[in-house]
Amino acid sequence: MSKNTELTYTKKDFSSDQEVKWCPGCGDYAILSAIQTALTQIGRKREEIVFVSGIGCSSRFPYYMNTYGYHTIHGRAPAVASGLKTANPSLSVWVITGDGDSLSIGGNHLIHAIRRNIDMNIVLFNNEIYGLTKGQYSPTTQQGQITKSTPYGSLDRPFSPAKLAFGASATFIARTLDTDSKHMQEVMLEAESHRGTSFIEIYQNCVIFNDGCHSSYVDKQSREDHSIVLTHGKPMIFGSEIKKGIILDHLTPKVVELGETYTEGDCLIHDKTNEMLASLLVAMDANKAMPKLYGVLYAVNDVIYNEQVAAQVAEVKAKKGPADFHKLLNSGDTWHIE
Amino acid sequence: MSTLTEVESVVVRFSGDSGDGMQLTGNQFSNTSAMMGNDIATFPDYPAEIRAPQGTIAGVSGFQIHFGSREIFTPGDATDMLVAFNPAALKVNLKDLKKGGTLLVNSDAFTDSKIAKAGFEVNPLESGELEGYQVIKVPMDSQTIEALKEIDLDTKSKKRCKNFYALGMTYFLYHRDMKTTLQWMEHKFSDHPQLLLANQSAMKAGAHFAETLEEVVSTYKVSSAKIDPGTYRQINGNTSTAWGFIRAAQAAKLPLFLGSYPITPASDILHELSKYKEFDVKTFQAEDEIAGICAAMGAGLAGSLAITTSSGPGIGLKGEAIGLAISYEMPLVIVNVQRGGPSTGLPTKTEQSDLFQAFYGRNGDAPLVIVAASRPNDCFHMAYEASRLALEHMTPVIMLTDGYIANGTEPWKIPDVDAHYADIKHKMLDPTTVDTENWSWISRDPKTHVRDWAIPGMPGLEHRIGGLEKDFTTGNVSYDPANHQKMSNIRQAKIEAVSENIPLQELEGESSGDLLIISWGGTYGAVEMAMRALQKEGKKVSLIHLRYINPMPKNVGEVIKNFKKVIVPELNMGQMVHLINAKFGCNAIGFNKVEGLPFKIAELHAAFTQALNEV
Amino acid sequence: MSTLTEVESVVVRFSGDSGDGMQLTGNQFSNTSAMMGNDIATFPDYPAEIRAPQGTIAGVSGFQIHFGSREIFTPGDATDMLVAFNPAALKVNLKDLKKGGTLLVNSDAFTDSKIAKAGFEVNPLESGELEGYQVIKVPMDSQTIEALKEIDLDTKSKKRCKNFYALGMTYFLYHRDMKTTLQWMEHKFSDHPQLLLANQSAMKAGAHFAETLEEVVSTYKVSSAKIDPGTYRQINGNTSTAWGFIRAAQAAKLPLFLGSYPITPASDILHELSKYKEFDVKTFQAEDEIAGICAAMGAGLAGSLAITTSSGPGIGLKGEAIGLAISYEMPLVIVNVQRGGPSTGLPTKTEQSDLFQAFYGRNGDAPLVIVAASRPNDCFHMAYEASRLALEHMTPVIMLTDGYIANGTEPWKIPDVDAHYADIKHKMLDPTTVDTENWSWISRDPKTHVRDWAIPGMPGLEHRIGGLEKDFTTGNVSYDPANHQKMSNIRQAKIEAVSENIPLQELEGESSGDLLIISWGGTYGAVEMAMRALQKEGKKVSLIHLRYINPMPKNVGEVIKNFKKVIVPELNMGQMVHLINAKFGCNAIGFNKVEGLPFKIAELHAAFTQALNEV
Amino acid sequence: MSKNTELTYTKKDFSSDQEVKWCPGCGDYAILSAIQTALTQIGRKREEIVFVSGIGCSSRFPYYMNTYGYHTIHGRAPAVASGLKTANPSLSVWVITGDGDSLSIGGNHLIHAIRRNIDMNIVLFNNEIYGLTKGQYSPTTQQGQITKSTPYGSLDRPFSPAKLAFGASATFIARTLDTDSKHMQEVMLEAESHRGTSFIEIYQNCVIFNDGCHSSYVDKQSREDHSIVLTHGKPMIFGSEIKKGIILDHLTPKVVELGETYTEGDCLIHDKTNEMLASLLVAMDANKAMPKLYGVLYAVNDVIYNEQVAAQVAEVKAKKGPADFHKLLNSGDTWHIE
């Protein structure tokens, strides 16, 4: 769909009349606000935008958007959205989901939507907990964490969402954080302009059941020392006081201090289109000792399922000519009784 | 010695190894008979899904044809003639051959090892156990090879023609015209002149051989039936179902979207629909059944006629999403091609045991519309009806068929679709005519209780729907106690109101009497035949065969009252009879069978007779 | 002016914002009353799952206690006293306060903005709409802060003590002993001496204030109840369920394995069981409900007592696996803590609408055992029974509870588990005593039709099981028609035979009469109370409350015959009544409500009275 | 479990009395035979071995094994096996599955079993088709392929099973082929000795519905030119006549001819324990232009769910002492009525 530049929406145009019902202080508010703002800039009419969600605190999102919205069932939003987009490729389709919704019960639909590369934006609110059901561990909860269902500590190894998405052949992988509205908006805009499935993970804070789970790399004070904001074509450097960078030691990315031994020039240059680099980045990113990555980790073009479906329909129509039900009924062997 | 007998109807079964081409052979026989003006019904009987080793019982593939000069409703209980290509085929099918029936066997296949593989202790062709049948032993392999000796083909390919050799013999015995098959061969083998020649020659040689055969004591003639004038074709249930949906989408002027996951015996609907992209049909083979229905729902929300297809185990997985569609009050058709259960059960066998699941396979009070097709060609009609009711009433509709009618073929008088299948009035809004300020997505038609259909892309009608309970007026989430009661009531009332939009139940037979038979779904043919036989005997028996299952036609309760006894024959352990008794407070009895096979007319006749005796 | 009245029972409700500590406050009141020898029942009433903004209707949290000197079965229909911490709490709960009842409000919370937020047009404390109630307006925030002015704590923390200030007042009004709560505080705040002092002081100040209050016109005394001697504790339904399973595993000498996926209101069973690893309990939080039941089945195949827990939408997802467990004939307990449906419905509200799903939510004819707990402490017993039947009969068992009894607490006389819950005889083989040569995994007990249980690790008993139909004798895959019928029959007969192993149905009241009430599951308390009231009025009414749902006790049909009329009260649109009518051919009527709330005694009384009038 | 060296099984000891019912020529026969042979060498008693499968031609496998066997429902075998192994960690647990069973309907259970690193062997028979249901495309079917359900060609992008498993944090990834019985056996033995989830993909031929789908890299004639058999510590070289090798060009693995410009010494050395190398290998492996990889791509140790569960139970028992139900009943507030 081409961008309509004549639309002049304000953020308020995207707020529904429903009272927002998240806990005071929940990271979801900031995400809602960032997405509403981003939508004013995508150049799509409000009625062409659809939000689809599963079940969870995060999945209440569509109720607060003055667009079309479907709050479906737990884990199935990517499947509903896949049908919706395939049936009407002219819509701007957004899936809103949580770490439980998308990675636990909905894991299969997530990886299949990504595999098919259906043109939609999947936004995963990762608070590393089941919020709505009051605090059980999720597939992203850290090992050893005490939760409602793990009084002696969680034993599961967590998923790394970016790595999983890459494994499922994602064409667009990005990450952002609920404490940086501007970055969220930038990522949303780039995701919407990507053609194919855009997978966006947002570090989101659940004040009630997992407060501070992301704090070291999202809080303003510590963020710069524990994360890198990736920019295409720019070296991977970070740090507030002491500047640090990522270099490649044989195949292994390593954090080094910039100064005498290493300079900016030694650091890896981010190339979001490089599949092999992406494979190292997502592997590295799953390593807790390494800084977290923000921004667009990976973005490439590949065939898009919904476009292919439309093209195949068009091709068959061109070849077979207009559909004629009478011809169908009379195809093959028929006989006549007088 | 050979005699010509004129008969009303005949049942022939071809049976052999999976690789012997039995389905093809059977199809040719039935096409030929249809072209000759007979009424027909067929029953293909595949082996379980995996191709078993050659010559084993598990690998037997069969095709049965019933053709006649009168109306034919079923493929027939017992066979008049069995064509057995190997010992295993004989082993499996002999019990269904009528005493005195004709048995054509390929004696070349009766080697010691094959005889043993089929589980015979001794060679049945020599043991005397075939006494009482008209046995025609023919070394088909060698005779076919001999007949084709002039043709430039390898022996293996020649041997493969033996099915047509046998078909040629059978054509002769039943005075069938070979024209249809010869023409079909020309088309089929147009790129392989040697194969064309070989197959045509084999068939002719077979016919010729039969003519000269001493053993052939009788041939049979079946005149053409008195059939409604019109153009006819053959169709099986799954194709018929697929076409019904295509037509319904056309009639509603909507694109068609199927979200599905393959499962026996429903997969062919997916295969069939995937062929017709020119009709604006999109098929989405999902990662599982849940994604299949969810994708269909997504397409439905976007304004397509949304369909999902499966069989029992897959339908179970769809239950949660069906509940959501009920809660959304959106159009959606769910097809269940029933097979033997429970669990994986008997995937290739037929059964009617998912009726309870259709009614109740979801959490909460979650009513929807249920319809069931009665025979292969009725699938077209019921698929159209399911779509019509879904679109006119904004509700999910479950359509039940079964493995028997899904795979069975029968002649179908091509309907005048412009007259009868032309216009479905769905509830989609024209946004330019809506007072968007005061519109709520949940506002309802006061009589039918049906809501409007607004889809993404329509300006001013943006709205949000979810699976939580909704406020009756605004459609927003509501936890209000009284509202939940109101919404539960309206969901039920909405489905009940569908009874105003379906035909009254037809009653076959007198409107009162001793015994009322209530049947439903794919058992129609056999039940109808059994009832006709009883009526001929002067019994006071009538039939209502249900195709609209929920809600039922308004007059069903009335009809029941006028009979002394009610019997409900079903291919399950007693599901419809339970529903009928609960709903109408009657004391209907069940006649039930779960053998993975359709009813035989004879067993129904016996059961009905016994019920009559107990009146 | 203040009077002391002796009463039989009292209902008090604490209500405020989610953050106001209402559950805690209510729990203290109920513990204290229990300790004082009253019988009690409680009803915690959480807001919908997400904490809504402060002061809104959606954010109201409540806790109701019914305590008395006679047997208490329900938390009570209407309240004698309402403690409202803010306008929203008043708005939500006022309609349940009895005329003339006591209303204690926190007047500090009645600011203009909060009044508006609660949806009042004008300040209800001034509008006159509280006339007819005994209104006690107390500025709780300021008085609590004032009372704690000497204590070294920030104002926010002091304000947080206002719930105990109110509790102190309430204790005074109902002559409750503060000892239990004071002791509890010492334990709870042992690490925070300032908080301990603050909370204790606040409560005492509240009690003291109440004593001096002019407005206080009456106080009430409730004597201790005549209760069975023994040791008591409080327990809610979910905990009771969890403990029942732990005990059953002990009694069967098997490890316990729970495979589950969180869902409201069932999650607490998972939480509870995850605490008791010392009892050889393993809990597996799976990726979804399907994996939850499948993992449980895996553990069951390995020889654990296998449990899976969920609520309606999750149970739907388990349907296919339940079918497999039926086909495997393996022990497995499936708990459904029912909530409001259809679809996501009303997750935090109670309902009984998954009964049909329990019976029929699967493909094929797939019978299993169903039990239902009648009240919070009965969950222990029925969880044990479900396990016992699963293990003794090698079958999946569905246990139904509901949100109401799952979260509700009541006193429980600690049972003599050594006498009554000590020995479950499962079917696991001792491989050393088996004739392995001639053993087949499917060989059955001739009377109960139950098969043996052999598990991996047992030498010589290696076998393969699947979901395809099995041969009756060998257990291998079988597509044989007659065998499928035989297996379908035996699966049904096996479940029916369970009726030999459950107690006969108890009948409360005369064995014949005008009206028989048939109830089931969590409605017991209210139904019992309504029936007793009618019996006191001399009405010929009796009750059977079903806890064994499938099969039913053998005498149910007999009991029904002796009554002129049968009524089935249920929190659904009419499911049990449908089953009863289909099964027993009677014309029972339903009394149905789906408001997400339990029955009130009064509405049942009215419904039964009307039914009696129509006899 | 320690290896029992006194067992002297022959292959026949692992054959059940059931007639094997795959199509003549099906690749499944060779796999059955290889696994039966491998089992004679793992040193486990027959009764301690359990095969769990879903639904599909491949999933009929357990019926033919004279061990404990459970043919479950479509896609759910990893979940059943997870419970079985967690309940009784002393068993040797094998999951047999197909590309449809494990990657389509069962995708979520597969990635979660792998994530938890439950100690079992998951053997995926990849014939790039749904065999049992007669020939619909699967998540590994090549784009454009005509199948029963794609008369105009499949539009889905296929999964690469190894890449997906890596994305799900697999600790063991291997691949083998139905035409090489010895290699299959080696891989099975290494998989069984790996502690944690072993994920093994087998290229399997379906003669009926997808005959020859793997032929270029599995057939004896062409295999060597289109695949590399990875050996830990050995350079990645291959080719029948002309020797070729894999080098790393910046980050991108490339095929070069060995001779003047490049020698064996320039080639990548396989290190199955190197996570970063593995991330490149699985990304490369998904590229159709590159040779297929056989052998153990990746094998590392990490915490194992079932072991952790057992340890936690033991720990709690040690801390709390023997379980006492009376104590539980009487815990918290109780009161006594005389």
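As written, the chains take the letters A, B, C and D, and residue 1 is the first residue of each chain.
Please note the rule applied: a contact is a pair of C-beta atoms (placed from the backbone, for glycine too) under 8 Å apart; a residue touches a chain by one contact, two chains touch by 3 or more.
All values reported here derive from a predicted model rather than from experimental measurement.
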- request: If you tally contacting C-beta pairs, which comes out ahead, A-B or B-D? Let me know.
  value: A-B
- request: Report the chain whose mean Cα position is at the greatest distance from that of chain D.
  value: C
Statement: Between chain B and chain D, the Cα-mean centres are separated in Å by 40
Euclidean distance of C-alpha centroids - chain C vs chain D, Å: 44
Query: Taking each residue of chain B in turn, which ones touch at least two of the other chains?
result: 58, 277, 287-288, 313, 320, 324, 343-344, 466-468
- request: At least two other chains touched by the same residue of chain A: list those residues.
  value: 55, 73, 104-105, 107-108, 112, 139, 152, 309, 312, 316
Task: Under the touch definition given earlier, write down the residues of chain A that touch chain B in their complex.
output: 16, 18, 45-50, 52, 55, 62-63, 65-73, 76, 79-88, 90-91, 108-109, 112, 309, 312-313, 316-317, 320-323, 325-326, 328-330, 332-338
Query: Which part of chain C faces chain B closely enough to touch in the complex?
result: 48, 58, 311-313, 315-317, 319-320, 323-324, 326-327, 340-349, 351, 353-354, 356-357, 359-366, 466-469, 479, 481-482, 484-485, 488, 491-492, 572-573, 575, 578-579, 581-582, 585, 587, 593-597
- line: In their shared complex, chain A is touched by residues of chain D numbered 105-108, 111-112, 115-117, 139, 143, 152-153, 155-160, 163-169, 251-253, 274-280, 282-284, 286, 302-303, 305, 308-309, 312, 315-316
- line: In their shared complex, chain A is touched by residues of chain C numbered 49-54, 56, 58, 261-264, 267, 270-271, 274-275, 277, 283, 285, 287-289, 313, 343-344
Chain C partner contacts - residues on chain A that touch it in the complex: 19-24, 55, 57, 60, 73-75, 104-105, 107, 130-134, 136-137, 139, 148-152, 208
